[in-house]
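Following are the structures in question.
First subunit A sits with subunit B, and in the next complex the same chain sits with subunit C.
Let's turn to the complex of A and B:
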């Protein structure tokens, strides 16, 4: 068995893993980047639409272009890249505290990589039919939107011609437009919530521009068809329950599901990482370190982001924190952050008063002219106006050293973040 | 395209239906100097009743010995350890608990215990509340006691059938898939069996193991008239990461119609809950229904409160072929000569299947079929390594022998390209066939990441075009066009 040692092991080479690995190398630490697919960039390479890069590179790029920018950084660095290599096991050596990963590769066999620090960047997976428990038959023609995107954009196959899409998540919206462009008819997008779950720009550019109807507060309550999907039953929700009397059928041969993403943390859990039930991602401190010493997490495996740009931003910070950890530079103190009124979660869940950073969070409410409140031990310390908030749009606030300098931080202080 | 000039296969015995019963009968007969042919209407074996059931080797206490199904259950249970050694399928004697939630139910436990003793169920014990929690700490605190049958176990029914069929084939049985029996006639001591596509098979003896369609097949051969009613059972499958998984199969106290809804730790580490029981009419209706599914979570939580709907990764349903009196109908036909009925094989059909094989062999002998043992019968099939079952060092050696073991195709269940290629080579050339043989696509992402990779492997290994890639047979084509 091939045995290797690095300062840092980064698992996953999507936007997060690439950015983290590039940052580690930039700070002169040795780094292995392990990726199960044969290419770098993860799911970005099938996202051939534009809208990427506006924050990271100040220009509009497609997914593959965005991935390529990050991949070039990695290729031009000292990072050792292992593609077609799957990490199946991650553990801590009880003697020396080193992290041990077992990786499967057709070329090298099983590789044992030991590292002083690990950055988890495995991304997320799509929720599927079982997760939303849609009753009916189990015919061919039911795909997650991301699988359909892969089939069309990379493999060059069209899964079906008459399409209904469940869920108005961004991938579903993008696929509504994409399927229309390849000659299919998209009959409807069905959204369980009273508001869209994708970005507003995607509702406009992918549905409205193509006259694709969006049914809010509706569900697909049944799938019909013995061999291939023949129709779906669509039901309006009445107090959260499908209203049978006002249900209607839409004939179709294909059902695409865009019903949310789940951080892919099975490896993290096996490594002993504590999970935040609100995000299904790791609980991390102000340095993006998980409950396992030396194991960091960033990107969509930490919490599902709206934009790959934000994944890259968060991952660069995480790469830097991992290098600081190698050099025993740890925060002197950390303050706990709590999700307050109308906030579903906040990440990370601690901040370092001597080195405050960016916080990402999600609202539980839809509101125009909203306000963000930061309270330290119940005392208001900062207020930010926000023009519009909704659960599907990730929000952020930057904690600045000059803000924090004036705060009266005690040993067990708590910062509460709320919106109204 | 249907062909009319195909050569006719000649056999001593034709078995109709490659489910659990048919496969076990075929393997049993493969030990003798007989030409045996196994006919299956679907594109792969085990796609009917045997595809979707609870996968339980029962503990021998549910039924009275006066029933044939009870006697075959007892015998079948005892045959599984040897079968596992010979046939390399995942099987675990995890044991069974019947959970009583009140004193009334505890009285019924008493009855089950007595029945189990009479049946000779090994190691069966009455359990106090304390003993139940010692065995299964996740039980509902309302549990007052129960029954423990350590001889019960779990397996994957289709995986078992695949192994049995492979063994039968290795010993000379011919398997014809997509062979839907349409009509038959008898002349010169031989039946000629016609398939819908024009193929024919001649056989001296016929075994009707056609599951849900045993009534129709019986009628086609002019044998007894009876009715098989499909009884639907719906299930939820929970992710292996669930906190609700027990160590043993948990049964509620049974009702008159069924054994109730169970919490099953599957042999592959996931958790199955269900089944419901609903008499329906359509033998092809495998749909799930909101009202039925809703019952499953409620019932399962009565035994294990930690069962959570967030752990659900899929729902499915299976059909049991229920016959009139509830017992198995296995006998020599009194109307059609040399025709053996194997009908109404509902629960405990999986447990009984190996014993059904023996029993039918003896019925054939009684019917005049001469049985002489083969000198070269080999009960063993070659073991297929799985990367998730071996240590990193063993895996490294596997990759050295075949690099495709190093390519993890299904991330959730950790299935390598080598395992998928092997499934395809053995004839499981649909997405579901690969899934049932290897488990690729059966995990928490339900094929979201690996489906397209398996489609590409199917094309590469078989030479099929993208338009021919099916989920599970004709009509289930997955891709409609290319760019």
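Let's turn to the complex of A and C:
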């Protein structure tokens, strides 16, 4: 078994892992980047549509272009990259405080990597039919939207001709356009919520452009077909219950599911990392460090982001914090942050009053002319106007030193974030 | 004006607000827009009405054992009426690696001034 040592180990080479590794190398720490696929860039490679890079690179790029820029940055740095290599176990309870990762690879054999700090950047996987418990038969032709995207864009296979999409998440909307552009007919998008769960620009450019109907407050209540999907039953929701009397059938041969993502945290849990039930990602402090000393988390494995640009931004910060940890630069004090009224979650869940940073959060409500309230121990300390909020659009607020300077912070103070 | 039926309705995508715009034409054929909360809505509506354009992203066949499809895109947005023809041309194209990201595969498509370029680098087979 090959034994290697690095200052920082980054697990996963998608938008998050690449940006984190590049940043670690930029600050003169040694870094290993381990990726189970043979390419760098993760899921970005199959996201061939545009809309990436506007924040990170100030120009509009496709997923593969965005990935290539990050990959070139890493390749030109001192980061050691191990592709085709899967981390199967992460040990954190060692006597000397080193983290040990056991990696398996057809290229490198078994590798044992020890590192002083670890950045978890494994991303998410898709929720599937089992997660939403759709009744019916079990024919071929039911795919998650991301799998279909991989088949079409990378492998070059078209999964079906007559398509119904469940869920109006961004991947589902992007696939509605993609399937139309490869010659399939998309008959409908079915959304359980009363509002779309994807970005407005995707509703317009992927559905309205092709007159694809979007059924809000509807569910697919049954899948039918013996060997292949033949039709699906679509039911409007009446007080949350499928209304049988007003249900209708849509004949189709393919059902694509875009019903949410789950952070892939098996490795994190095994390493003893505490998980936030609101995000299914790790609980992190103001430096993106998890409950395990020296283990950091960023990107979609921490919480699901709307934009890869934000993943990269968060990951760069995380890489910097990991290097500061190596140099024993830790916050002197941290203040807990609590999600208040109409806020589903906030990340990170602490801030450092001496080094306040960016906070990402999600609203539970749809509203124009909304207001963000920050309260320290029930006293209002900051208010921000937000022109529009909705659950599907991730929001952020920048805490600035000049904000925090005047706050009367006690030892057990709590900052509450709410919107109305 | 308010009694008149709008000639077209659309959602502005200049920002996440997503204003619902209504477009009207008066006797002089002048376009007016309502429902916009800022002036970008008018610019968006005028372009969408007179000359709608989209960036097109798809794939070409690649003569490669590493990757059977090469992702490609238009350099800028393409007038909508040319999209189907561009997709057809892209799907008929076979690209032989090595290809550099940004390499032009089809120049000045149908006289639109828009190029089709590779959106990923693909090395030659070993």
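One rule holds for everything that comes next: the second predicted complex is superposed on the first by the 419 of 420 C-alpha atoms of A that agree within 3 Å, B and C clash if a C-alpha of one lies under 4 Å from a C-alpha of the other, contacts with A are read in each partner's own complex, and residues count from 1 in each chain.
Simple rule for what comes next: contacts are C-beta pairs under 8 Å (C-beta built on N, C-alpha and C of every residue); 3 or more make two chains touch, one makes a residue touch a chain.
In this text the structure is predicted, and so the values were computed from the model without any measurement.
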Is A:156 in contact with subunit B, with subunit C, with both, or with neither (first, second, both, neither)? both
Contacts for A:130 in the overlay, against subunit B (first) and subunit C (second): which applies, first, second, both or neither? first
Going by the contact rule set out at the top, does A:50 touch subunit B (first), subunit C (second), both, or neither? second
Which of subunit B and subunit C A:92 touches, first, second, both or neither: neither
Classify the contacts of A:104 with the two partner chains as first (subunit B alone), second (subunit C alone), both, or neither. first
Examine A:355 and indicate which partner it touches, taking first as subunit B and second as subunit C; both and neither are also allowed. neither
Look at A:199 in the shared chain and tell me whether it touches subunit B only, subunit C only, both, or neither; answer first, second, both or neither. second
Just to be sure I read the superposition right, which of the two partners does A:217 touch: subunit B = first, subunit C = second, or both, or neither? neither
Take the contacts of subunit A with subunit B and those with subunit C, and give the residues found in both. 152, 155-156, 182
Quick check: in the complex, which residue numbers of subunit A touch subunit B? 1, 36, 84, 86, 88-89, 102, 104-110, 112, 125-126, 128-131, 133, 135-141, 143-144, 146-147, 150-152, 155-161, 182-183, 221-222, 224, 226-228, 242, 253, 266, 269
For a test of understanding, state which residues of subunit C touch subunit A in their complex under the given definition. 10-11, 13, 15-18, 37, 54-59, 61, 67-69, 71, 73, 87, 101, 119-121
Residues of subunit B that touch subunit A when the two form their complex: 236-237, 241, 284, 286-290, 293, 309, 312-316, 387-388, 392-393, 395-396, 399-400, 403-408, 411-412, 414, 416-417, 444-449, 451-452, 455-456, 466, 470-483
Listed in rising order, the residues of subunit A that touch subunit C in the complex are 45, 48-50, 60-65, 68, 152-156, 181-182, 199-201, 203-205, 208-209, 368, 387-388, 390, 393
